[in-house]
C-alpha cells in the first residue's frame, strides 16, 4: 500500500516539506529505515539520530522541521499520532479470516450468533451465549455458558472466557488469556458444616482452606485490548470490571472484584490483588504490583516494578517500594546507592567525635 | 436459592438476632448489598461501614452483635467461614456440564476413563491415561501419556498436563495451566559427546546450553486448586510435588524439583526457582520470589513482592528483599523512606563537628 | 536403559574408578539416589553430602575423586555435562508421537508440510504455512498464516504462533506460549483522522489510545527452547528476534522489537520492555525486569529480581534495583539491612555532638 508524501499529508491532516511526489511503501525506525520508508521522531532524545537516518521521509513536530529545511518531512503537531495513522495507511491491519462458521467448530444449538461472524475450527461456543456481529473466534477459543460478546470483538487462539462474563464491542483478547476463572477466595478453618464443591466435608478437624463460590463475573467494556496470557479473576459477587478503552500488555493478573477504570494502560506483568479500583487514564509500568482494596486516582502513573501499598492521588507520578511520589522515590534511590558511602561517613564522624571528646576531656583536665 | 435468616443460621450452625423470617436471596459486599442480601464483617477495619450498609443481614462476631442490637444479624465465631458457607447455600457452585464423552473429543483407545466422566469437544486424552470417576475435562484440555487423574477433578479449558504426571482427587486446574513441561536444565559447555534430542552434535566447539532430559514428573495431591496460566515444571528426576489442600492463584511458576507442602496459599505471580521445599500452611503474597534449594518452615508467611534468598523459620512472618522478619523489614523500609532526611542530618552533623573542631583548636590555641 | 559404569565412561569420554561392572539404571540427586543410581557433585557446596549418599556411582571432578578412593566414581573435567550426557543415555528423551497427520487436525490445503511431520488432533495449520521435516505439532497448537517452521521443531499443546512469524530448526515451544501477538503500541490523543481496526473514528474528542498496527513479526532462530506460558510480542515493523541457542523458562515476557542474542538464558518471569537488545550468553535471573531501549553486553549476568534501568557492560555481574555491579549491589543491601542501626547511631552521635557543644560553650564561658 504505497502512498505519495503529499497524499499522506492530506490523509493525515498535516503539512509537508521537500519532495511531495516521493513514494513511501512502509514505515521503519530511524535506524532501520531506507529511502522508501517513513520514520518519525517524537522523543527529543532521539532528535540527534534524525541527521543520520536514511529514511525517505520523517514525521516531525513543526519546530523540528524548521531546523531541517533540506529534508522531506511530514509536519504534525503530534508526530507519534501521525506516524500511527501512516502505519494504518501504509501497512494496514491484520487480514482476518473470512466470515463463516467452521464445521469443525462446536457451536451449541442454543447459542445466538449474529451475522458475519467467523468461528474457526476447534472454537467452542457454549449454550445460551450471545455473539455479536462480525465477531471473530480463532481456533481453540472457549466461550462459556451465558457469555455475551459485543460486535466486532476478536478472540485470538486459545482464549478462554468463563461462563456469564460480558465483553463489549471491539474487544480484542490475545492468545491464551483467561477471563473469568474463579478468584482466589478461601475461608481457612477446621472443618465446615457445608460441603465443598466436590468434596465430602472433612471430619478430622484439620485446618483447611474452604473454597468460596465465585458467583460473580467479569465485564470487559468497549474498545479494551488484552495481551497474551493475561488472567482476570471473576468477582466473588458482582463484577470485576475492565473499563472502556483500557489496554493491557501480556501476563497481566487482575484479582477478583477489581474495577479498572477507562483508558488505563497496564504494561506486562502488572498484578492487581483483589478489590483494587483505578480511575481514568491510570498508567502502570511493567511488573507493578498493587495491594488489595486500594484506590488509584485518575491519571495516576506508577513507574515499572513499583509496589503500591496505599491509595494514590490523582494526576501524580509514583515510584518505588512502597510507592511514593516519583520525585521522592528518586531521592530515596539516590541515597540508597550512596548508602555504603554514608555508612563510611558516619564511621569517620564517630571517630572525629570521639577525638573531640577526648580532646575536650583533656582540655578540661588541663583546665 | 433463597433462604430465611433463621434457616440459614440453623444450616450454618450459628445464632441470629432480629428478623429471623427475612428472606435472603444472595450475598454482597457491605457497600453493594441491598435489603435482600447477606453481607459480612470480619476485618475490624471495616466495622465502621456496617452502620451505613443497606444489607438485609450481616454475619458478625458475637462481640460485634452486641453493639448493634437493632440490626438483623447472623452471629458466628468465624464470620468469614459462615459467610463462605452462606455463599455455598445462596449461590451454589458452577453448574458443570453433564457427564458424557463428546464425539468431537479425542480419547485414545488405551485410556481408562472411569464412570460419570465429562469429556468435552476438542479435549485430548493420550494413550494409557487413567481418568477417575466424575472427572471433567473442558474443551481444549490436553492429557498426556500415562497421566493419572483422581476422582472428581476438574480441568478447565486449555489446561495441559504432560506425560506421566499424577493428579489426586478433587484437583481443580484453571484455564491455561501447564503441568509437567520440561524444567529449565542445561549443561553449558563446548560440544558434547552425546547427541541432543533432535540436534546433531555440534563440532565447531561453540559453547552452548545442552538440554538435560527432564525425566521426572509432577505430582499434585488431593484438593489442590491452581489458578489460570500457572506453569509447574516436571522434575529432572523424581517428582515436583504440590501438597494436599494447597491453593495457587494465577500465573504462579514452580521450578523443577520443588516440594510444596500441604495447605499452602500462593498468591498470583509467585515464582519458586528449582528444588524449593515448603512446609505446611506456608503463605506467599503476590509476586514473591524464592531462590533455588531453599526451605520454608511450616506456617511461614511472606509479604507480597518480597524475595526470599535464605531458609525461613517456621511460624514467622517475613518481608522485604532479601526477606527478613517482617518487623525488621518494616523498620528497614521506614528508614529507607527517611534516607534523604538522614543524609541531610549527616551533612549537618558534619558541619557541627567541623565547627566544634575549629572552636576546640582555637580554644586550645587560646590556652 | 541400563549401562555398566565402564561402558558409560567410554560413551561419555571420561575415566572411572571402583566397580566398572556395576550396572546403573537411572540418575538421582545425592539425597535420593539408591545403589543402582548415578548421581553427581559439581558445586563444591554439596561435596559434604557425597559421603552420606547411597548412590552406586557419582560423577565428580578429578580432584574430588582422589579424596574418595573407595567409591565407584565417574571422573570428568565437567561433571555436570557428564551427568547430563548420562541422563541422555540412562533416561533418554520424551517418546514423541509417531509421524502422521491426524484427520481431526486442520491443515489448510495451501500449507506445505514436509515429510515425517506429526500433526495431532485439534492442531490448526493456516494457509501458506511452511512446516519443515519431522516437525511435531501437539493438540491445540495454532500456526498462523504464512508462518515458517524449520526442521525438527516441537510445538507442545496449545502453543500459538501468529501469522508471518518464522521459527528455525530444532525450536521447542512449551505449552501455552504465544509467539507474535500484537505488541503494546498506542498513540494517545483526542480523535484521529484514520479509522481504527474495527472502530469508527470517535468524534467526541475524548482522549483515547489509538492502536498502532503491529506489522512486524517474531523470528526465533535455531535451537531455541521457550518455557510454558511465555509471551513474545511481534515487532511494530521489522522483527522481534530470539537468537540461536537461547533458552527461556516459564512466563517470560518479551516486548516488541527486542533483539535477544544467541545462547542467552532467561529464568522464569523475566520481562523485557520494548526494543531491548542483548548480546551473546546473557543470563537473566528469575523476575528480572529490563526497561525499554536498553542494551546488555555479551555475557552480562543479572541476579534474580533485579531491575535494569540502564545499559549494562559486557562480561559483568549485576544486581539490585536499579541494577548496579553485583559487588556494589551487595554492599548496598548490607547497609540497607543495617539502616535501623545506622539511624540509631546517628541519633547517638547527634546527642554526643550536642553534649560536646554544650561542654565547649561552658568551657569557653568558664574561660
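Annotations for the structure displayed:
Order as written gives the chain letters A, B and C; numbering starts at 1 within each chain.
FYI, a contact is a pair of C-beta atoms (placed from the backbone, for glycine too) under 8 Å apart; a residue touches a chain by one contact, two chains touch by 3 or more.
Owing to the predicted nature of the structure, the values given are computational and were not obtained by experimental measurement.
Interface residue usage between subunit A and subunit B, two copies of one sequence, is largely distinct: under half of the residue numbers at the contact are used by both copies.
Rotation relating subunit B to subunit C, from a C-alpha superposition: 120°, rounded in steps of 5. Subunit A and subunit B have Cα centroids lying 23 Å from one another.
Counting partner chains per residue, subunit A has residues 122, 140, 158, 176, 229, 251, 269, 287, 336, 339, 342, 346, 349, 353, 356, 360, 363, 367 touching two or more of them. Only residues 11-13, 26-29, 32, 78, 80-81, 83-85, 87-89, 91-95, 102, 104, 120-122, 134, 138-140, 152, 154, 156-158, 170, 172, 174-176, 223, 225, 227-229, 245, 247, 249-251, 263, 265, 267-269, 281, 286-287, 304-305, 333, 336-337, 339-340, 342-343, 346, 349-350, 353, 356-357, 360, 363-364, 367 of subunit B touch subunit A when the two sit together in their complex.
Of all residues in subunit B, only 106, 122, 124, 140, 142, 145, 158, 160, 162-163, 176, 178, 181-182, 184-187, 189, 192-199, 207-213, 215, 229-231, 233, 236-238, 251, 253, 255, 257, 269, 271, 273, 287, 289, 291, 307, 321-322, 324, 328, 331-332, 335-336, 338-339, 342, 345-346, 349, 352-353, 356, 359-360, 363, 366-367 touch subunit C in the complex they form.
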